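Two complexes follow with chain A in common, the first pairing it with chain B and the second with chain C.
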Partner chain A sequence: MTTTAADTTPRPPAGRAGYMPGEPGMWFFIIGDLFIFAVYFVAYMIYRGQQPELFLHSQQFLSPGIGVINTLILLTSSWCLALGTEAARKGNSAAAFRLLAATFAIGALFPLLKMVEWVPKLAAGHSPGENLFFMYYYVMTGLHLCHVLLGLVIIGFMLRHLRHRASPDIKFIEAGAVYWHMVDLLWLVLFALFYLMR
Partner chain B sequence: MTEYLRNPLTGVWFALTAITIFSWWIGQGQGSAYQLDAAITVSVLVMAALKAVLVIAWFMEVRLGPAWLKRTTYGWASGLLVLLLLFYWLRV
Partner chain C sequence: MNIATAALAGTLADSGRPWYKSPKLDQYICFWSVPVFYNLFGLVFVPLSWMMPPRSPTNSIDGVVAFMQSPNLLLATTILILCVALSAVGNAVYMSQMRRMAVSPVLRYAFVVGAITGAIVGCLFPMFCFGLGAFREGYDPEVLQLLYDFGYMSFIGCLGCFFLNWSCLGLSILLDEKQTLPRWLGYYTIWQSVTEIFAMTLWVSDSGPFAWDGVMTFWFNMLLYVPWQFIVYFCIYRAIRQQPESELDNAPYVGGAARA
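Showing the complex of A and B:
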């Protein structure tokens, strides 16, 4: 692993407004994804309002303990990634690599816990076809899980990039980071809607 | 390690963790679980929006970003909160 080239690494304009981390294309994708999910969130709330008893009854079969642990997992992985992005900007590739490896390791717990949550529910007969609540629950958390898995692949590419490049492409690191933070962001809303609200 | 502890991002992570645990505790309902409860719903949705703004501002670094990006992302979080509360309220 290389930790040189600190002086050639692009730096963010600390304290100056107007800096956009990552690539414009990634932000276009992220903003589009945020608005698509927002439509799902609002649709969920509208359908929930039509059958509140059904949704409240079905909520009892979820596992809020696993939900809160998964929230803390994503927040902690995002924190490691934000610190890693800063380290990469400072040209400290070794620290950036360690922090991104931690991001990956912690983030990889999310799909594992999701399986621990889903499998017993499916075995107990709570499938997407049971009712509208479970349909929304599996479709929306499933879509989010696909985003998590893609994010882990992206972090894998970021790790490979940091391992092989003396001077990391900071725009690439930032673009991957904002994607992962978006995955975190979407889960915060999903957690409130499915597990917590009454 | 101490440099990470002194980093403002660590304070943000701590705040996000504390709000998450508090909202989970609130969401347990304290005896009114799984009944319509506007106080719990408003609390957890507002806390989710607050956490979203913290993630957008600090982890996604939008606080340093151009005005259009701030308007779009903060507008997404606040607009979503308003719509979710509105559609909840229409049916309570």
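Showing the complex of A and C:
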């Protein structure tokens, strides 16, 4: 999240062949993170295969409506962020700031809805200790929620950066955008695994 | 081991001076204490006492009693209680490199406090629990089971301290404009530390993949932690080698000693 190289950072060329958005370190983080989630996905499928009835039965207690809204929330915020990054690339910091503020506002609804979803479930006794399905559900969506919260902090830094810098560091904006898109992608898989799979 | 031998040769050949005259000798001594510590750690945990890999939380009471009263376990805990102090020396070398970073000192203080709490709760507490079983004959089997649970829970379940400790290191690396350690290592450290929190599931799960001996809690964390520990260790070694001698805290003293 350093901004030292801001003024010397090259702008993306017109033809994007071979251009890497963001910084290499962020890609290292994203690939590592995807690896961690991939291990969780595979482990979930293996244990689901061993107890399909238990998993299918427990799945009925989830709230698919909130899941759908959360999917739309992340997709919309990712779209705003993509537009904002494009605006920043074109040097239009004011538009980029507005679009990133929209990304933040929409994205911040995700943790709120997660609480609306979790609290009644926990109150009804569907805690992580109930069975393996709920353990996986809380651990994986909880791990994802940590990523969403970290993403909101990063977007906060991006907003501050856009406000204070006349010419924004594109590499920094791109790195944050790539991270947020990864959070979005992971949710799509989680949503399919927990809410849709029969 | 080849890499370690090459690294040791590098230490000795530093700037063409005999190794004992290197002004970074203090850091190198701390650095080389780390493999000594981890080798002792491994020997004591695995072949001597079979404390690790962790035994099952659903172990039968007879199995628990036989394990807790084993004389090897008492010997293993005694060795560990002695050598856990080496972790302080190992952390000192991390701290001396973090001191070079252009970041808030709060991060390195929190790093050290996290390491201290982690060592007490995550290493000394379990050693006291496991050592007590063989200390006196005739403990009630239920008391031994309590100590067994307490030992494993505190050893594997106190990862909050290490989460804080490594997160502070990761953040320092990322925020450091001097790039004392590579930025990718900062990201690697952050995701490594975040996944540590998820071993907390052992508090609600006594069997299956999320128990203290489970695939997701113990083995997956080991898969992430072990390579990371090696990598961070070699990056620290490179940072010590690259550190300019004028930047050393003890530069005036070792300079004086060399002249004398």
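Rule of thumb we're sticking to: the second predicted complex is superposed on the first by the 184 of 198 C-alpha atoms of A that agree within 3 Å, B and C clash if a C-alpha of one lies under 4 Å from a C-alpha of the other, contacts with A are read in each partner's own complex, and residues count from 1 in each chain.
Keep this in mind: contacts are C-beta pairs under 8 Å (C-beta built on N, C-alpha and C of every residue); 3 or more make two chains touch, one makes a residue touch a chain.
Just so we're clear, the structure is a prediction, and the values are computed from it rather than from any experiment.
Student: Who touches more of chain A, chain B or chain C?
Tutor: B
Student: Touching A:A166 in the superposition: chain B (first), chain C (second), both, neither?
Tutor: A:A166 sits against neither chain B nor chain C.
Student: Kindly classify A:L132 by the partners it touches after superposition: chain B alone (first), chain C alone (second), both, or neither?
Tutor: second
Student: Could you say whether A:C146 touches chain B, chain C, both of them, or neither, answering first, second, both or neither?
Tutor: Second partner only.
Student: Just chain B (first), just chain C (second), both, or neither: which does A:L122 touch?
Tutor: Touch partners of A:L122: none, neither chain B nor chain C.
Student: Determine, under the contact definition given at the top, whether A:T71 touches first (chain B), second (chain C), both, or neither.
Tutor: First partner only.
Student: Does the superposition put A:E23 against chain B (first), chain C (second), both, or neither?
Tutor: Only chain C is touched by A:E23; chain B is not.
Student: Going by the contact rule set out at the top, does A:Q50 touch chain B (first), chain C (second), both, or neither?
Tutor: first
Student: Would you tell me which residues of chain A are touching chain B in their complex?
Tutor: My answer: residues 12-13, 16-21, 27, 31, 34-35, 38, 41-42, 45-46, 48-50, 52, 56-57, 59-60, 64, 67-68, 71-72, 75-76, 78-79, 81-83, 86, 174, 177-178, 181-182, 184-185, 188-189, 191-193, 195-198.
Student: For the complex, give me every residue of chain C touching chain A.
Tutor: 174-175, 177, 182-184, 186-188, 190-191, 194-195, 198, 201, 204-205, 208-210, 215-216, 220, 224
Student: Can you list the chain A residues touching chain C in their complex?
Tutor: Contact set of chain A toward chain C: 1-2, 4, 23-26, 28-29, 32-33, 36, 39-40, 43, 47, 127-129, 132, 135, 139, 142-143, 146.
Student: Mind listing the chain B positions that touch chain A in their complex?
Tutor: Touch residues, chain B against chain A: 4, 7, 9-10, 12-13, 16-17, 20-21, 23-24, 26-29, 32-37, 40-41, 44-45, 47-48, 51-52, 55-56, 58-61, 64-66, 69, 72-73, 76, 79-80, 83-84, 87-88, 90-91.
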